[in-house]
Amino acid sequence: MPETLALDSKEIEKKFGYSFAVRKVTLRVRRGEFVVLFGSNGAGKTTFLKMAAGLMRPTRGSLSIEGFDIGKQADEARRRIGFLSHNTFVYKDLSPLENLKFFCRLYGVPDSEGRLIDLLDRVGLRGRASEPVRAFSRGLQQRVGIARALLHDPSVILLDEPYTGLDAKAAQTLNGMLDEALAAGKTIVLTTHDLDQGLRAATRALILDRGNVVYDGSAKDTAVREAYLRYIQQGNTK
Amino acid sequence: MRSRILGIASLAGIAVALYFALVYAPTEQTMGVLQRVFYFHLPQAILSYVAAFLVGFGSLMYLITRDLKWDRFAAVSGEMGVVFTAAQLLTAIMWAKPIWGVWYAFDARGTLQVVLLLIFIAYFMLRAYLPDREKRAKLCGVFGLLGMIDVPFNYLSIYFLRTQHPQPVVSPGGGGVDPDMAKTLVVSLVAITFLYAYVFVKRLTIARVEEEVEYLTQVVLAHE
Amino acid sequence: MKPVAAIVFKDIAIEYKNKEAFSSMLLFGLLVVVVFSFAFEGSDRKALAPGMLWVAYSFAGILGLNRSLNMEVDNDCLQGLLLSPVSRGDLYLGKVAGNLIFTVLAELVILPFFIILNNLAFDRILLWIAGITLLGTLGFVAIGTTLSLISAQTRMREVLLPVLQIPMTFPVILSAVQATSLVMSEDSEGVSFPLSLLGVFSTVYITASYFVFEYIVEE
């Protein structure tokens, strides 16, 4: 009986007009893996992640999360996904608590205040749980975003350049939560520009170049750095 | 080949229709020679509704199949719609002013044509402000479908308004009374339909070529 | 709590805090009513009144639709909604319900001012007018929510909304004005036609938008 893959993309493709953002990417991510996805701007990292999260429709190919097809069984798939990008997706006029309550209702998970306060405590926002998010700094807003992404206990966590604009403290909090999630058996896929930040806790590293996967190996392997230099530092010469 | 046949047919058809409308058909008693405009006016109106239907149909087909050729179909039908609706409005003004003294007859059909023109124009503004091909097809597909469903609603609401406040009947009826007039109308309708089909097919071909040129431009630019 | 209800309550909560949509709709609607009332002083007020009212409602309504949309565009919150397991159609219903509540609220506040400024009577007819307001606004908001999301993705953004909205809601405005006019002249026998038209319009467009909404929001 083949195991259920956390993320299973089969020849996934995305075309914008006449150009390909993502070309025939076949990727199998097993449960519990921490995959870091590197690539220069325009390589297709964000596009791929958005398709995995169900935000973008692939022009070809199929993708499933924990066995649920992102197109045909969208609601089941999305229930299991936590997505974080540099946009926080929280409502500025509401407090963190109100925001989280709302998202709990959308995901159909219990919205008891006790549970949410605990969650806010983990991101260090317990003291400001009832202030409108508008008053927060970017780092604090991002922490609310982290709480939002994880409140429904997703088994697959997708992060699109989450360290952008984060202060050191917030980055540390994020890393802490990712480590906890990994230890709890969750699957993580992270895209970033930062080589060291990316390789910190990852188990597997991928490099995307012009929509294709050009490197796929263990994150602990030194070949990653060489490949990174080759594909990304020289991104301007075609 | 097909478009050549249509071209010849429409050329011949229009020539025949002109003869029928200007020479063959008897002169109407009250409205005089100007009434002959009606033989072109009514087919234009009919075809503007056909174009509206085709925009809706093309939009629906795109949403179902996601094949961009249907988006092209809907866009070209939309162009035909603007042209024929505008032409219908012009011919309406042509006889309305001299005969009835008003610029335009805002009866049920007349008002509907104005609203239809506005919907077509809205459709084109939407197309114009969406540079991305797929996004344009999707959003215009939705608007095209919803917009054309609106046409019968518009007709019903305008019709009700007009029956509550009856306006003097200014649309030239009388088309079906005299058998010669009826014949002329049919000839004209057939000719203008051929013209519509010819222009439609040619425009669709040009649209396809335009897309290929755009594709090649992108390929060239990508290689620089 | 069902997701659709959650969206409506969220919209209410935000609106309660910043009152942006409601206040701008109210102010703008009142402005239009006042200007029209003074412009048409002396003319046959009663005949023109329904048209004036619905012009004010339309302009205020478009403002409200834009504000409701901006709420989701800010911080890209719409993406947050799209990430959740809620179906796109349910998202649409939630926004329509929210828009309906605020627009009708603003309209019901504008109405008494309208009556006063035009020396009309405060009687039983008011209930009828309120009912027509509700039904007409439903149709307006049903198509308007869809169109606001379409126009938001164009280069012109929300400026395009009136271009799309006004021809499309012609049947709604016409029917609502006719119904109001009939009710005001105590001629209630013809009212059933425009009211049923409004009802059918709303049903058709809510159903159609429910199914095509995913095409509008997907990338």
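Labels A, B and C are assigned to the chains in the order they are written; within every chain, residues are numbered from 1.
Rule of thumb we're sticking to: a contact is a pair of C-beta atoms (placed from the backbone, for glycine too) under 8 Å apart; a residue touches a chain by one contact, two chains touch by 3 or more.
Source: prediction; values computed, not measured.
Chemist: With chain A excluded from consideration and all other chains held fixed, what connected components does the contact network retain?
Modeler: Minus chain A, contact groups: still one piece.
Chemist: Let me spell it out: compute each chain's centre from its C-alpha atoms, then which one is farthest from chain C's centre?
Modeler: A
Chemist: Would you kindly tell me how far, in whole Å, the mean C-alpha position of chain B lies from that of chain A?
Modeler: 50
Chemist: Hey, how far is the Cα centre of chain A from the one of chain C, in Å?
Modeler: From the centre of chain A to the centre of chain C is 38 Å.
Chemist: So the centre of each chain is just the mean of its C-alpha atoms; given that, what is the distance between chain B and chain C in Å?
Modeler: So the centroids are 31 Å from each other.
Chemist: Among the residues of chain C, pick out those that touch two or more other chains and give their numbers.
Modeler: Chain C, residues with two or more chain partners: 218.
Chemist: Provide the residue numbers of chain C that touch chain A in the complex, in ascending order.
Modeler: The contact residues of chain C facing chain A are 1, 3, 5-7, 9-10, 13-14, 17-18, 71, 74-77, 79-87, 218-219.
Chemist: Show which residues of chain A lie in contact with chain C when the two form their complex.
Modeler: Answer in residue numbers: 50, 53-57, 74-76, 78-79, 81, 83, 87-94, 98, 102-103, 105-108, 132, 148.
Chemist: Name, in rising order, each residue of chain A that touches chain B in their complex.
Modeler: Residue list for chain A touching chain B: 16-19.
Chemist: Which part of chain B faces chain A closely enough to touch in the complex?
Modeler: Chain B residues touching chain A: 132-134, 214-215, 218-219, 222.
Chemist: Quick one: which bits of chain C touch chain B in the complex? Just the residue numbers, please.
Modeler: Against chain B, the touching part of chain C is residues 143, 146-147, 150-151, 153-156, 160, 163-164, 166-168, 170-171, 174-175, 178, 182, 190, 193-194, 197, 200-201, 204-205, 208-209, 212, 215-216, 218.
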